[in-house]
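Multiple structures are listed underneath, in C-alpha cells.
Here chain A shows up in two complexes: once beside chain B, once beside chain C.
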Partner chain A sequence: MRLLPLDYAVRNLGRSPLRLAMSVVGAMLVALLVLTASAFVRGMERSLIGSGSLDNVVLLGAGSEESIERSEIKASVASQAAASIHGIRSQLGQAYVSPEVHMALPVTGAPDTTTSNQVLIRGISAAAYLVHPQVRIVDGRAPRQGADEIMLGRLAHTRMGLTEDAASVGRSLYFEDRAWKIVGRFDAPGTVMNAEIWTPLNDLMVAARRDTISCVVLTLGDAEFADVDAFAKTRLDLELTALPEADYYGQLVAFYTPVRMMIWLTAGLIALCGLFGGLNTMYAAFVSRVREIGMLQSLGYSRRAIAISFAQESLIAAACGTLIAAVAGMMLLDGLAVRISMGAFGLRMDTTTLMLGLGAGLLLGLIGALPPTVRCLRMPIPAALKAA
Partner chain B sequence: MYRFTFSLATLMLATVLVGCGESPSASTSKPASLSAASLPDSAIAAESPGEATPIAKLKSTAKAGDQVTLRAVVGGRSEPFVKDRAIMLVVDATLPRSCGVEPDDPCKTPWDYCCSASEELMPNLATVQIVDAEGAPLKVDLGSGPIKPFDTIVVSGSVGDRPDDKTLVVNTSSVYVENAP
Partner chain C sequence: MALIECRELTKEYRRGENVIRPLQELDLEVEAGAFLALMGPSGSGKTTLLNLIAGIDQPTRGELIIDGEDVGKLSRSRLAAWRADYIGYVFQLYNLVPVLTAYENVELPLLLHPIKRRERHERVATALELVGLADRHDHYPRQLSGGQEQRVAIARAIVADPRIIVADEPTGDLDKPAAHAIMNLLTRLNQELGKTMIMVTHDAHTAEYAARTLHLDKGRLVESGAHIAAGAAMEAAS
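For the complex of A and B:
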C-alpha cells in the first residue's frame, strides 16, 4: 500500500489556523481534565496509603476501629504496652511507643472570628517523631510543653482556609478558647499529617479537659503484629483493639471510593463532551475536503492510505494539545493543595497520571478523526470530484 | 517535517518519563511472618471436660493458678482470634445472642455482640489461650482451623495472671467444640 507522505498531513494542519486551534484547544482541555481527575485521585490515595507505615501498629479503643478521633483509651496504655510487649523497636533506651490524642477542632486565625474550619489537632510526645519518621521540621522548632505552642503541617493553612503568611511561625491560632503560638512548621510528604496541627500531648489534654488518649502508635522491632494483638485481647480491662496502621488508612481509602468514582464519572462525561466537540470539528474539516479525497483516490492512493493520513493529521493536532496540557499540569497542578473533609493533600502528577492524560488526548485525536474520514471515503470517486 | 514529528513524539515520551522520578512511599516493608502451623489434633478434645462455671462468677472469684471450666461462645469482637497465635476471645454461653438471631439480620459479624451493651458484655468476656508445655500460646492461626466464630466451646484450664477483676485468661491444652461435625 502506497502511503501519503507525512509532510502532507502536517502541511494540511496549517490550511485553517482557526480549525487547528480548535482541535488543539479541545484536546488540551480534555487531557487537562483527565490529568486533574487522576492527580486528585492519586494524590488522595497516596496521602492515605503513605500515612500508614507497615511496621506501625495502632492500639485504639474497641469499637472505634473506623475513627481514631472517636477512640478513648487510658493514658496508661502506652507504658503498659511498652512493658508487656517484647520486641518493640527502641533506640538508646527509648521505645517507639507514641501515646497520641487526635481531635478535630474548629480553629480560627483571629480571636473574634466566627468562621472556622475543623482541623485535626494531634497531641504528641517526643516518641511521635520516632514512630512517624516521615515528619521533618522545616521551619522553627518543635512545640514545648506548658507554653501553648503548636507546630503546623505544610498544608494545614489550606485546611484552615488561611494564607501561608497567616499561619507562619510567630503567628497565633485560636482553638479551645485560647491562643496557641505557632513555633514551627513540619513537612510529612504524601501523608495526611501534612494537614494537621501538632501540640504537646499534655497541653491538648488540659485544654480539652480530657484524661484519656485516643491511641498508642508503636513500631514493631522483633515483635510481630500477633504479639500486640495478643496484648490487646488478653488485657480485657483496657478494652483495646490492635490494628496495623496501614490497614487503618486502607479503610479510609475504601471510605472515599464513592468520591473517587464520582470524580472519574464527571471527568468521563466531560471528556465525552470534548469527544463530540472534536467529532464536530473534524466533520467540518473533512467534509470540505471531499474533492481533495476524490482527487487523491484518482491519483491511486487507497482509501486506507487516505484514512491513515487523516488520522495522522488529527493525532498531531491532539498530541500538541495534550503536550500543552501536560506541561500546564506539571507547572500548575503538581503539589497543588486540595482541602477535603479528612484534611488536605497535594495533587499528584506522576507517571500514571501523565500516561492517562496523554492517552486520553491521543485517543480523542484518533476517535475524533475516524467517523468523519469513513463518511467522506464512502462517496464514489466521480461524485466526490463533482462535490462543491 | 519528519524532524517535527520526531520531536513531538520525543516530547511525549519525555513528558511521561518526567513522572518517573517518584520518591518511594514513606512506608517501610517488613518481612511477612512465617505461616503458622496447624492446630495439633490433641488440641481438640473429644469429650466435654465437665460442668462449667459462668465467666461472670469466675471473674469475681477465681485467682491466678486456679483450675476452672467454662462454657462459652467464640466471639466478643469482630475478629475474636489473634492471627498466628492460639488465642481467642469468648463470651459466656448463657449471655443471650442479640445479633444474628433473625435470618435477615444485616449484621455481618454477629459474633461480636455489638448489639449488647458494654456493661453487659464485659463481665461475660474472657480470653482462652491454647498453650504448649512451657505455657506459651501455640503459634497457630485458630481462625483458619476447626474453631469458628459463634462456635460453643467448653474449656478446662488454669487461670492466668489477673491484673484486675475485668481480666480473665484461661490457659488450656485442649478445647471441646460442642457443635463440631
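For the complex of A and C:
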C-alpha cells in the first residue's frame, strides 16, 4: 500500500492553529493528569512497601495488628525477646532489637499556636538505627537522651505544614506541653519514616506519661519468622503478636486501595472527557476536508492510506502535548512532597509512570482520530466530492 | 474493440419503496483517443456516468468494460489501484490540496507508483511545463488564479500518464478567456498525447471542442452528434 507523504500530515496540522493548540493542550492535560495520578499512587505505594524490611519482624500487642500506634506492650518485651529468641542478628554484641513508641501527636511550630497537625513521633533507642538501616542523618546529629531533643525526617515539615526553615536544625517544635529542640534531620528514602519525628524513647515515655512501649522491631539473623512467632505465642502473659514488617505495611497498602481506585477512576473519567473533546476537534478537522478525501481516493489512494495519514496527524499533535507534559512532570512533579492522613511522601516519576503518561497522551491522539476518520471515509467517493 | 464499453449500464439508488435511476440501461462505446462531450439537463445522470467510468462509483447492473476488464466487478482496493493506472480526473472546483505547493499537488498521483525520485521530478516538471506553469511550481493554490489552479489540476491528471481523462465541467467556474485556455489545453492532450477524453459540460461552446457530443436525459442517451474535427471547433470558438 502506498502512503501519503508525512509532510501532508504535518502541514495539515498548520491549517488551523487554534485546532492544533486545542489538540496539543488536550493531550498535554490528559498526559499530565495520568502522570500525576500515577506518580501519586506509585509514590504512596513505594513509601509503604519500602518501609517494610524483609528481615524485620514486629512484635506488637495482640489485637493491634492494624495499627502500631494503638498497640501497648510491656517495656520489658525487648530484653525478654532478645534473651529468648536465638538467631536474632547482632553486631559487636548489640542485638538488632529495637523497642519503640509510636504516637501520633499534634505538633506546632510555636508555643501558643492552636493550629497543629498530627505527626507520628517515634521514640527510639540506639538499636533503631540498626533495624532501620535506611535512615541516614543528613544534617546535625542524633538526639541525646534527657535533653528533649528531636530529629526530623526529610518530609516531616510537609506533614506539619511548616516551611523547611521553620523545621531546620536549631529551631524548636512543641508537643506534649514541651519545647523540643531540633538537633538533626534524617533521610530514609521512600519510606514512611521520612514524615516522622524521632526522639529518645525514654524522653517520649516521660513526656507522654506512659510506661508501655508500642512495639519491638527486630531483625532476623539465623532465626526465622516462625521462631519469633513461637515466642509470641508461648509467652501468653505478654499478649503479643508477631508480624513480618513487610506484611504490616502491606496491609496498609491494601487499606489505601479504595483511595487508589478513586484516584484512577477520577483520572480515567477526566481523561475520557479529554477524549470526547479530542474527538470533536478531530472530527471538525476531518469533516472540513471531506472533498479532499474524495479527491485523494479518486487519485487512487486507499482509504487505509488516508486513515493512516490522519492518524499520523493526530498522533503528532498528541505527541507534542504529551512530551510537554512529560518534561513538565519531570521538572515539577518528581519528588514533590504531598501530605495524606498517614504521613507524607514524595511523588514518584518512575519509568512506569512516565510510560503510563506517554501512553495515555498518545492513545488519546490515536483513539481521538479514529471515529472521525471512519465517519469521513465511510462516505462514498461521489458524495464526498460533492461536499462543500 | 472500443476502449470503453457500457452495456445496459444501470445505476440505482433505493430509499425504501423509492427507486431513483440516474442511469437506465445505457449502451455506449468510446474508442481509444476519442474526445467525447456529455451534455444534458441537470440531474440527467452526466456526473453519474462519468463517475462510473472513472471507477469512483460502481454500477448496480450491466457491464462496464474498460480495456477488456469489467471495472464494475473489481473490489474496492483493486479499483483504487486501477484508478491510479487508468484515470485522470479533472474537477469543476479543481480540488487542489491547499497545504501543498503546485509541484507537490502534481506529484501526489506519482507517489502511488514505484518511480524513482529523479524520474518523478522530471515527470512533474514536464507536466507543469505542459500546462505552462513551470515558473509557479512552488506556489500554493491560494497564490494562483482559478484558471491557473485548473491547469495545475490538469497537470495532476496527466502526470501519471493515464489512458483516460475525465472532466466534470472543467470550465464551469472560469471566465471565458480562462475557459478557452483550459479547453485548448484539453484538446492538445487529446490530439498530441492521444488521451481519451470524456468531458461533462452544460455549455454548447465548450462542447464544440469535442469530436463527439452525447446528450443524456433522465439517464438515457437521446441523440448524438459528431463534429467534423476538434480543430474546426477550436477555430469556431476563437
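Here is the rule we use: the second predicted complex is superposed on the first by the 388 of 388 C-alpha atoms of A that agree within 3 Å, B and C clash if a C-alpha of one lies under 4 Å from a C-alpha of the other, contacts with A are read in each partner's own complex, and residues count from 1 in each chain.
One rule holds in what follows: a residue touches a chain if its C-beta (ideal position, glycine included) is under 8 Å from a C-beta of that chain, and two chains touch if they have at least 3 such contacts.
In this text, all values refer to a predicted model and were calculated from it rather than measured experimentally.
By the touch criterion defined above, A:Gly190 lies against chain B but remains apart from chain C after alignment on the C-alpha atoms of chain A.
Counting the residues of chain A that each partner touches, chain B and chain C differ, and the larger count belongs to B.
Contacts of A:Pro382 after superposition on the shared chain: chain C is touched, whereas chain B is not. By the touch criterion defined above, A:Ser302 lies against chain C but remains apart from chain B after alignment on the C-alpha atoms of chain A. In the superposed model, A:Ala230 makes contact with chain B only, not with chain C.
Taken together, the two complexes place residues 5, 7, 11 of chain A in contact with chain B and also with chain C. Put simply, chain B touches chain A in their complex at residues 1-2, 4-5, 8-9, 11-12, 15-20, 22-23, 25-30, 33, 77-78, 82-85, 87-89, 114, 118, 122, 125-127, 129, 137, 160, 163-164, 166-169.
On the chain A side of its complex with chain C, the touching residues are 2, 4-5, 7-8, 11-12, 14-15, 291-292, 294-303, 380-382, 385. By the touch criterion given at the top, residues 47-48, 51, 54, 56-57, 76-77, 80-85, 87, 89, 91, 93, 95, 97-100, 104, 108-109, 111-113, 156 of chain C touch chain A in their complex. Considering their complex, residues 5-7, 10-11, 46, 49-50, 52-55, 62-63, 65, 133-134, 188-191, 220, 224-227, 229-230, 233-237, 239, 241, 246, 316, 319-320, 322-323, 326-327, 330, 349-355, 358 of chain A touch chain B.
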